[in-house]
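The structure that follows is given in the form of structure tokens.
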Amino acid sequence: MIVEMQRNATQSQVDAVIERAQGYGFEVQLNRGTDKVVIAILGSDTGHVPTANFEVLPGVGSVTRIMRPYKLASREFRSEPTEIRVGDVTIGGPRVVVMAGPCSIESWEQLDATARHVIGAGASILRGGAFKPRSSPFSFQGMGFEGAALLRQAGQALKAPVVSEVTDSHFVERMAQEVDILQIGARNMQNYTLLRAVGETNKPCLLKRGLAATVTEWLQAADYVLAAGTAQVILCERGIRSFEDSTRFTLDISAVPVIKRQSHLPVIVDPSHAAGHYALVPGLARAAIAAGADGLLIEVHPDPANALSDGLQSLTFSDFARLMVECRQIAEAIGRTL
Amino acid sequence: MIVEMQRNATQSQVDAVIERAQGYGFEVQLNRGTDKVVIAILGSDTGHVPTANFEVLPGVGSVTRIMRPYKLASREFRSEPTEIRVGDVTIGGPRVVVMAGPCSIESWEQLDATARHVIGAGASILRGGAFKPRSSPFSFQGMGFEGAALLRQAGQALKAPVVSEVTDSHFVERMAQEVDILQIGARNMQNYTLLRAVGETNKPCLLKRGLAATVTEWLQAADYVLAAGTAQVILCERGIRSFEDSTRFTLDISAVPVIKRQSHLPVIVDPSHAAGHYALVPGLARAAIAAGADGLLIEVHPDPANALSDGLQSLTFSDFARLMVECRQIAEAIGRTL
Amino acid sequence: MIVEMQRNATQSQVDAVIERAQGYGFEVQLNRGTDKVVIAILGSDTGHVPTANFEVLPGVGSVTRIMRPYKLASREFRSEPTEIRVGDVTIGGPRVVVMAGPCSIESWEQLDATARHVIGAGASILRGGAFKPRSSPFSFQGMGFEGAALLRQAGQALKAPVVSEVTDSHFVERMAQEVDILQIGARNMQNYTLLRAVGETNKPCLLKRGLAATVTEWLQAADYVLAAGTAQVILCERGIRSFEDSTRFTLDISAVPVIKRQSHLPVIVDPSHAAGHYALVPGLARAAIAAGADGLLIEVHPDPANALSDGLQSLTFSDFARLMVECRQIAEAIGRTL
Amino acid sequence: MIVEMQRNATQSQVDAVIERAQGYGFEVQLNRGTDKVVIAILGSDTGHVPTANFEVLPGVGSVTRIMRPYKLASREFRSEPTEIRVGDVTIGGPRVVVMAGPCSIESWEQLDATARHVIGAGASILRGGAFKPRSSPFSFQGMGFEGAALLRQAGQALKAPVVSEVTDSHFVERMAQEVDILQIGARNMQNYTLLRAVGETNKPCLLKRGLAATVTEWLQAADYVLAAGTAQVILCERGIRSFEDSTRFTLDISAVPVIKRQSHLPVIVDPSHAAGHYALVPGLARAAIAAGADGLLIEVHPDPANALSDGLQSLTFSDFARLMVECRQIAEAIGRTL
């Protein structure tokens, strides 16, 4: 951390900064310029201390962070990429992993038909929503644990791991018995009780980026999950909020190479929620793989026009099959498989 | 809702739209232009149906909402402003209500000293954080229920109502016994389980705006709380995320007059979290009252330089006393009291 | 355009809306719901009239646009993709076109070496900045017309068309003699005098997206250029401003498929300015082609560490050569060439 | 500037950073932590050097700016507030200055009636648009120099200074003969040719904030104007682009106290463009004064429903008169006049 004192700062103000830094156990080096004093506070744990703890002291001009405020998720903590195994599937390895299925689980028939189709077409993990956080209290809210049980059954029938969102810390234990990967949704990225509860299970966690979260805050949220014990976090970019309104969210495709530089965790992309419209999904899915994403999360429905949620962004079976062919070609063009 | 068909839409595609609209119980009127067919779907509940349910049908070009997607929070539902009484205090009436206190409750001494000062200086409601959602897992997380009990005690001693944040649906029942107003934080604005749980108590709810939520989404979240039974929701603007980085968030001051036009609910402003720096708080607090806000939520600490959280945005006792004088003058200039 | 009257609107207020609409030569259809009157205003030129012209009338609740506010750039105006020929190069056809070269032209040696390298490695158009809009008045501002003359010379030597930015309407005529494609920069996307001046030449225009412009506003800007006479506009996505700060701008990759649906104009991507860092450029370049972009605009420098501008985002010769190989593979994977 | 080297940086890489810094004439201090080397680069002109010039060097991890990248506009350059006199009016002094008039000058009758009304109601400067940058090429583009001449005439008749926007560097000389204050619009905030041209006249410059510009970039733009010779720049906040869509732009009210801390220049607020709707203008105008703004820029029209531009955000005569009364009360509440 670098503390720049104001021009007219007194020696006792400088001393107060040094004392606080040393109180945290940090090393301090003083730079006296012609204009002002600049204090370098060094140590591998400075990332854990808010800059405001120094900005609040009298005589301080500005404070700048050098260490990033996350640690366990960083490349500096672990230089090798993390690979996460779920059943026979490895996420973060050379193979691009496709997770696909319906937005909401609506019935055994709908789920089973979709599951057979997506696994048959090349997806390796089955997704399906049991608990649906909906922006209107009057919308369909999901089948709950009953849906989760159907998902487990559908996955077992096809020997495919399953992933589903958990929306409340008190559901975590029971959901962990039904699914192979626990998903934390964008709206819960900073629900710290939930992050900890998921991190305490022995299940991998799929952590979606909050729609207003910076990459740094996202990795801090990953730190919460990792600090709770697990080593298995998969990051999922799903679009951020910007002023652009021709898409539901703005897919931050740059987050993929940025994450690859800053973190050892695998990162996948959800083009369905980012775009909000099925016609844009294939272009974004191909782009994600070309940018280096380790996988995709895609919504598919047997009859999107009659889906109970998010039909507009769901692919039909034939659209999905076509997309798998395109994605496989992109994966091979960059030396990966799918 | 207005459905604009594509130029080459067939009659059977038009019929499918009409059939779906009538299935929801809506009235339909057809406009045949030279270029294309435009279908007006009318009815007071169209706001509850996602536009995507029509966009997903073949032959549809675009769908535009006319009814807003919230109802209970709207001026059309209730034309008179809602006033909320808590103890002797009325929120939403002619008097501007100041809620003040420490960001985190740290000890009885800290809380008691702050409470005496802020109530003495003109605040009418005492705030204090017991459960603190922090972006780093290594930061102070609050005193929990123990803190809430101290808050209740401090409020009773001064005969002032108290407000505190509740972060988990399973804490709601117990927190409702300790505090007079249950606060839902910005990061939980779309935690629907929590919204419902708070709405089911008989306590007023202080609903902070999500940092990436539009005013419309915020009022939809208010609908969740209102739909659960309560009629007592206080909205709180606390800054949104934008590209500007000289403040922690961007205070959307326009939200105050916008809410006043679109909703009957009272709206207050939290300048402390928006600014992130004590020196900016007074200007924003004055602006909020001048813009028509019904109250303020302000962080005060006996010794900000040693606060366990958010010291940089906390006012000292003397800063707060000075601000109350300024705010009272602004309130009187627009014909209100404080 | 759809005008929704307020509930209590009078007949004479409804009549005033109808009269204004008919005054513009539009067709009007009335929808009387149980709650309120909704007026559909139809006609292929309604996109040219601001919605505010109706919102300002008494008794009007809201006004919603159906026709997009641009016309000449739209798919509805011209359904076939526009192909633009510059020398032997076609932009918007099956071949992905790479435009590469230095950010600023610094000297004949620097330009010539870069030009030979990028054309040799597979770029088909040479780029180079002569007039540099810089955010600090103390930074290098470019070589001006002298630089443009060097660029022409370098292009002729290699039989490659050249593109360079023009920053002032009064430079357009002279720049049009030096370069094959006139670039309008992001900061000038709404400099309407400049848009018109460029549109009046017989040169193709490379129109960069403004950093806070929606896709709709960008296509309106294209309409300005097209309305001035030319039919040759190439759109260039270069990142928009968002809250994310790990990249210089947020590349809006979704704009590529969105433009392909809404416009007939070719669209290319500038990953260098979006990323702001050379290490991120390859991932974004590959993603752009996979998403369907018609080309790339890439900065290359013989010695980025000593570039006079934007060295951090410039590729070295060897990085560029490697990227061309990767991009060719992606192009082939989606059935195009490069 | 603080350069943090990578962990494995070599001594020669450290030396290269030092050499470059010394080449710029800066002082260098080395901090060797246990983990990595941190180099402090000190000197009052470091703000002029882009951080990228160091980030591009091998072995560098990150570079952080300490000096702000603007100078002439900063409080450190000039600690006393700048007051700007135009005729009998002082901007930046104790009196809040209101600039009002029509968005576009449409005719002598319209301008004259509006001018008499706004000056009579307490405005001290007359505004009127002669050159109108419009987002559609089919909209009214203003009366040009003819309009500017009418404005001068109207101002002289009432002995009120006048302000109008100049959109092209080649119009500056002639516009400087017609108006007392040259306005640079939001879309031209980074039109550097124009900034310089305006700065070279002896007229005050009203510099609107770009709709995607940070406060820092805005002050850098002010530096451009100031560096050209003038000392008279008035900053004008007019809303930034965010995701919120209930207003045309998001008024960044915090920019007022931020500017007051960081710059000596006066700052005013334009609530009309920020809100985009007349009903929101009074609340924002009052908030601006309460926050500490030195003035307002407000659009007024004799008949907004028939205005040729921006009628929706224009106040009627009676609305404006009422607003002046309210604003005067707010000004007095904070110890100023109007």
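Letters are used for the chains, namely A, B, C and D, taken in the order the chains are written, and counting of residues starts over at 1 for each.
We take it that a residue touches a chain if its C-beta (ideal position, glycine included) is under 8 Å from a C-beta of that chain, and two chains touch if they have at least 3 such contacts.
The structure presented is a predicted model; accordingly, all values stated were derived computationally and were not measured.
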With centres defined as the mean of C-alpha atoms, identify the chain lying farthest from chain A.
D
Looking only at C-beta pairs in contact, point me to the busier pair out of A-B and A-C.
A-C
Between chain B and chain C, what's the gap in Å when you average each chain's C-alpha atoms?
39
Compute the distance, rounded to whole Å, between the mean C-alpha positions of chain A and chain B.
27
Counting in whole Å, what is the centre-to-centre distance of chain A and chain C, each centre being its mean C-alpha position?
31
Chain B residues counted as touching two or more neighbouring chains
212, 241-243, 245
Touching residues (chain side chain C, partner chain D) in the complex:
48, 50, 52-53, 55-58, 69, 133-139, 141, 167-170, 187-188, 190-193, 196, 210-212, 217, 220-221, 223-224, 227-228, 241, 276-277, 304-305, 307, 310-313
Spell out the residues on chain B that touch chain C in their complex, using ranges where they run on.
2, 4, 7, 27, 29, 31, 33-35, 38, 40, 42-44, 62, 64, 66, 76, 241-243, 245
Residue set of chain D touching chain B in the complex reads 212, 214-216, 240, 242-247, 250-258, 260-262, 274-275, 279-280, 282-284, 286-292, 326, 329-330, 332-334
